[in-house]
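Quick heads-up: structures coming right below.
Each of the next two complexes has chain A plus one more chain, namely chain B in the first and chain C in the second.
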Partner chain A sequence: MNAPVFQMSNVSIDIGGPRSIMQRIASGINLELHRGRTLALVGESGCGKSVTALSAMNLLSAPLRVSEGSIVLRTEDGPQDIAGLDPSGRQMRAIRGRRIAMIFQDPMTALDPVYTVGDQISEGLRRHLGLSRREAWARAVDLLRLVGIPAPEERAGHYPFQLSGGMRQRVMIAIAIACAPSVLIADEPTTALDVTVQAQILDLLRDLGERLGMATLLITHDLGVVAENADDVIVMYRGHVVEKAGVGALFDNPAHPYTRGLMASLPPADGRRVELTPIPGQVPPITEEIQGCPFAGRCPHVMPRCGERMPALQNLSPEHSVACWLYPAVAEAVA
Partner chain B sequence: MLTYLARRSLLVIVTIAGVMTILFGLQKLAGDPTIFLLPPEATEAERLSLLHRLGLDRPLIVQYLSFLANAATGDIGLSWKYNEPALPIVLEAFPATILLATSALAFSILTAVPLGILAALRRDTWVDTFASGIAVIGQAMPVYWSGLLFILLFSTTLRWLPSMGGEGWLALILPAVTLGLNTMARIMRITRSSMLDVLGQDYVRTVRAKGIPEYAILFKHGLRNAAVPIVALIGLQLGGLLGGAVLIETVFSWPGVGRLAVNAVYSRDFPLVQSVALIVTVTFSLVNMFVDVLCATLNPQIRLN
Partner chain C sequence: MSKKGLAGFGILLLVIVAAITAPWISPFDPNAQDIINSLAAPMAEGSEGGIHLLGTDRLGQDVMSRIIYGTRVSLTVAFGAVGVSALIGIPLGLAAGFMSRTVESLVLVATDIVLSIPFILLALVLMSVLGASLTNLIIAFAVVRWAQFARVTYSLSLELREKEYVLSCRAAGISLPRTLAVHVLPNMVGPLMVIATLELAYAILMESGLSFLGLGAPPETPSWGGMLQEGRNELDTAWWLTAAPGLAIMATAIGYNFVGDWIRDRLDPRLQGVLR
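For the complex of A and B:
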């Protein structure tokens, strides 16, 4: 496989500043994105998915910040560490929207209500590609057509409130892909949409990712979405990556008890009637100091050493790794 | 948009008719005007003749209808004190009041909006504290009191500015600032809070994710969205400014409608008081209509529905 377009290495995210207590809300995050492939980031709410996504855009705002690690973007100009750039500086702005673009969860609130969607798509085009108003508008209409909006010439002149939720999310996608970015981050892009529209939006994202050769980071809590749209998967639990695998390997052989728990709480795709097993308990709040594995309190296989130390991620096979003391590879790596 | 304007204009006419009705009622409540108009030694015959001359011996309904009909043609009758048509007297004093009110408004907008934006951007810093301090002072001090304080400081002690009106643009500064202080405080507070609200919205994050620089986010998206409540408030404040002008013009001897109104009340010159009320009502209604149209233009959701 070629070098990843985008790579986060050992990234930790802290909340709190000089005058308040610091709290680590995500640590040791490693992920790579490759051209034309989709990496899914899965986990319950509050597990650190969205802050990871925002950190990839250098969009974390105080009191959140990346405290360790590197976030490297590779372009034709060579690699660049985003984590080291001034969040509102010129260099970072030249990357946002141009090299890395993002789609947000709720299309109802993510578009500016007082500008037409054509204007909002044009804005980035004019800023990054230096297009004139007229050229940008023409591109905006093309983009609306590309994301499957009927009568795009007319729709470009519409305001967000005149469009349905699904349409608005298509507009968000048009905004994101406008400048042909190499990395697309989709933070729960279908969570706020009707079920019938969800599949259409995901198909569109997958199709565009392959066609335009974008590397996609798909953030979701929905394993069904993962199974259908991802090539690789990272499972996060309370700020830690607990399992990392190709989508096939993960679903054939889920290794971490948390991943297995997630799958057991999902109805089977073939429609069999089975008893669903929820994971007992809740994600511990970030304010709670935890020693060892954060899942220990909910884990059916908990062992004494789980409470002592958080295991590191170790390979089970070349494309499957897990952070759990159940596995000899993990235990051996420590010993 | 046209039907909206037509509906709005109709509302203006209804408002003015309502105000005129109240004015007519107030005049009736004030009792027999001949007591003030005639010397104490006047005879009953003289009194009846004056009532007849003023048309006050007719049935109430006739008086009311002819009052409304005349008002519609701009005829409020003769001022009892000056014995000339009342409306032209008011119209002559009106430009001075408009000058004062617009200067006060300009002062308050030009100081409040930048300060409000700055307070929102530098939230919880000394800038924010300073701005809210100004807002508290501006809203807590009655204009006649702050006006007197300003005269004491800038005219009497420092001798920088004249305390009396009508002597060129320098004479405008103190009354305009005094009058605009309260409005400035209100505009600043709403600018700060609506900017904070807008800048925390998801769509601002979307714009930031597009790689747009902060100044463009602030003005193109922030201020544009925050403008609707600010403009609406400015429209409402104009009523307060016209009302405040009554006090300010008295304190600063400004030759405007406000001072005219106060004097007319003292001398119980009803046609003059009514003329002032009519002019102020018409102005206020028209400005509010303009502001509503402006708000609708700023907000596509109103404009297109």
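For the complex of A and C:
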């Protein structure tokens, strides 16, 4: 496989400032994005998914910050460490929207109500690519067509309130892909949509990613979405990556008790009636200091050493790794 | 459009037209004195012909003409004062909402201090120090009322900065100043317009109040507040000297308020269905 276009290595995110106590809310995050492939980031609310996404664009604002690690973006100009750039500086602004674009959760509030969608797509084109108003508008119409909006010439002149939720999310996608970014981050892009529309939007994202050669980071809590749309999966729990695998390996053989718990709480697709097993308890709040594995309190296989140390991610197979003391590979790596 | 809104716009239109066309529609020169015709009652005939529709004052000046010319002071002060307040207050409110915590606290503390001082007192001090002139009236108003704009803008910012499109502007590589000017401010126009019209009414009352206290427009400029002050002494003999400017002030202030209400109702989506 080629070198990843985007790579986060050992990234930790802290909350807190000079006057309050520092608290680590995510640590040791490693992830790579490859052209034309989709990496899904899965976990419950409060697991650090969105923070990871924001850090990928260097969009964290005080009191959150990246305290360790590197976030490298590879472009034709060579690799560049984003984490080292001034978050509001010119260089970073030239990357956002141009090299890395983001799609937000709620299409109802992510579009500015006072401009037509054509204007909003044009804005990025004019600023990043220097197109004229007329050229940008023509591109905007093409983009609307590309994301599957009927009568794009007419729709470009419409305001967000005139469009349905699914249409607005398509517009968001059009804005995101306008400057042909190499990395697309989709933060729960379908949570606010109807199930039927969800599938269309995800198909569109996947199709565009492959056609335009974008690397996609898909953030979701929906394992169904993961199974359908991802190539690789990272499972996060309370700021830690607990499992990392190809989508096939993960669903065939979930290794971490948390991943298994998530799968057990999902109804089977074949319509069999089975008892669903929820994971007891809740994600501990980020303000709580935790010794050892953060999942220990909810884990059915908890062992004494779980409370002592968080295990590191170790390979079970070349494309499957897990951070859990249950596995000899993990335990041996320490001994 | 509601009847109220229509009435408001009607009044304001009348005032604006009067201010522009004052030299042509005034029956007399507003400063021409006619001592023989001092304190003439409304509808009295002038000594050199013409009818004093609203009577004359102690110096025999035509009240109607002075009311008409008074619209100029009224409009200049109102729009000047509110314009300057908005120009100061809105950027500060945005800065408080979108910049660092330090800026936020500084602006909020400043607004609290300014708004905690009784306005008329501060204005009196400023006017007596600066001297009576229209420019100083505008300054005195802006020194205090920028805080109103800053506060409203700040509270709107708190709401807007949570909107995803503001974050998505950042994610699209748009700079903060541009985001504020192009994507945040236009979304505040409605509520700010309402505040502006209410402030216009307030500015008119302030101008009249300060002129009444002798610290507003210079005496030779026909202004409603000044007329009210001069007429006060003849209250028992020449009621028209206070009634005419008093009604003019009231009508204009009401006009601005009606327009403000109308804009607010128009922009409030919850009231949309009811009104149409």
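The rule we apply is simple: the second predicted complex is superposed on the first by the 335 of 335 C-alpha atoms of A that agree within 3 Å, B and C clash if a C-alpha of one lies under 4 Å from a C-alpha of the other, contacts with A are read in each partner's own complex, and residues count from 1 in each chain.
The definition used in the following text is that contacts are C-beta pairs under 8 Å (C-beta built on N, C-alpha and C of every residue); 3 or more make two chains touch, one makes a residue touch a chain.
Quick caveat: nothing in here was measured; it's all calculated off a predicted structure.
Visitor: Is the arrangement of chain B and chain C around the shared chain A a clash or a fit after superposition?
Guide: By the criteria stated at the top, chain C and chain B clash after superposition.
Visitor: Just chain B (first), just chain C (second), both, or neither: which does A:Met102 touch?
Guide: both
Visitor: Using the touch definition from the top, say if A:Asp112 reaches chain B (first), chain C (second), both or neither.
Guide: Both chain B and chain C are touched by A:Asp112.
Visitor: Go through the superposed model and pick first if A:Val247 touches only chain B, second if only chain C, both, or neither.
Guide: It touches nothing on chain B or chain C.
Visitor: Which partner chains sit in contact with A:Arg93 here, chain B, chain C, both or neither? Use first/second/both/neither.
Guide: both
Visitor: After superposition on the shared chain, which partner residues are touched by A:Val226: those of chain B (first), chain C (second), both, or neither?
Guide: Touch status of A:Val226: no partner.
Visitor: Looking at A:Tyr159, would you say it contacts chain B, chain C, both, or neither? Reply first, second, both or neither.
Guide: After superposing on A, A:Tyr159 lies in contact with chain B but is clear of chain C.
Visitor: Under the contact rule defined above, give the chain A residues that sit at the interface with chain B and also at the interface with chain C.
Guide: Shared contact residues on chain A (touching chain B in one complex, chain C in the other): 57, 59, 88, 92-98, 101-102, 104, 106, 109-115, 123-124, 127-128, 172, 175.
Visitor: Using the touch rule from the top, collect the residues of chain C that touch chain A in their complex.
Guide: Residue list for chain C touching chain A: 163-165, 167-176, 183, 186-187.
Visitor: Hey, which residues of chain A end up touching chain B in the complex?
Guide: Residues in contact with chain B: 57, 59, 88, 92-98, 101-102, 104, 106, 109-115, 123-124, 127-128, 159, 161-162, 172, 175.
Visitor: Quick one: in the complex, what on chain A touches chain C?
Guide: Contacts found on chain A: 57, 59, 88, 92-98, 101-102, 104-106, 109-115, 123-124, 127-128, 172, 175.
Visitor: In the complex, go through chain B and note every residue touching chain A.
Guide: 201-203, 205-214, 221, 224-225, 298-301, 304
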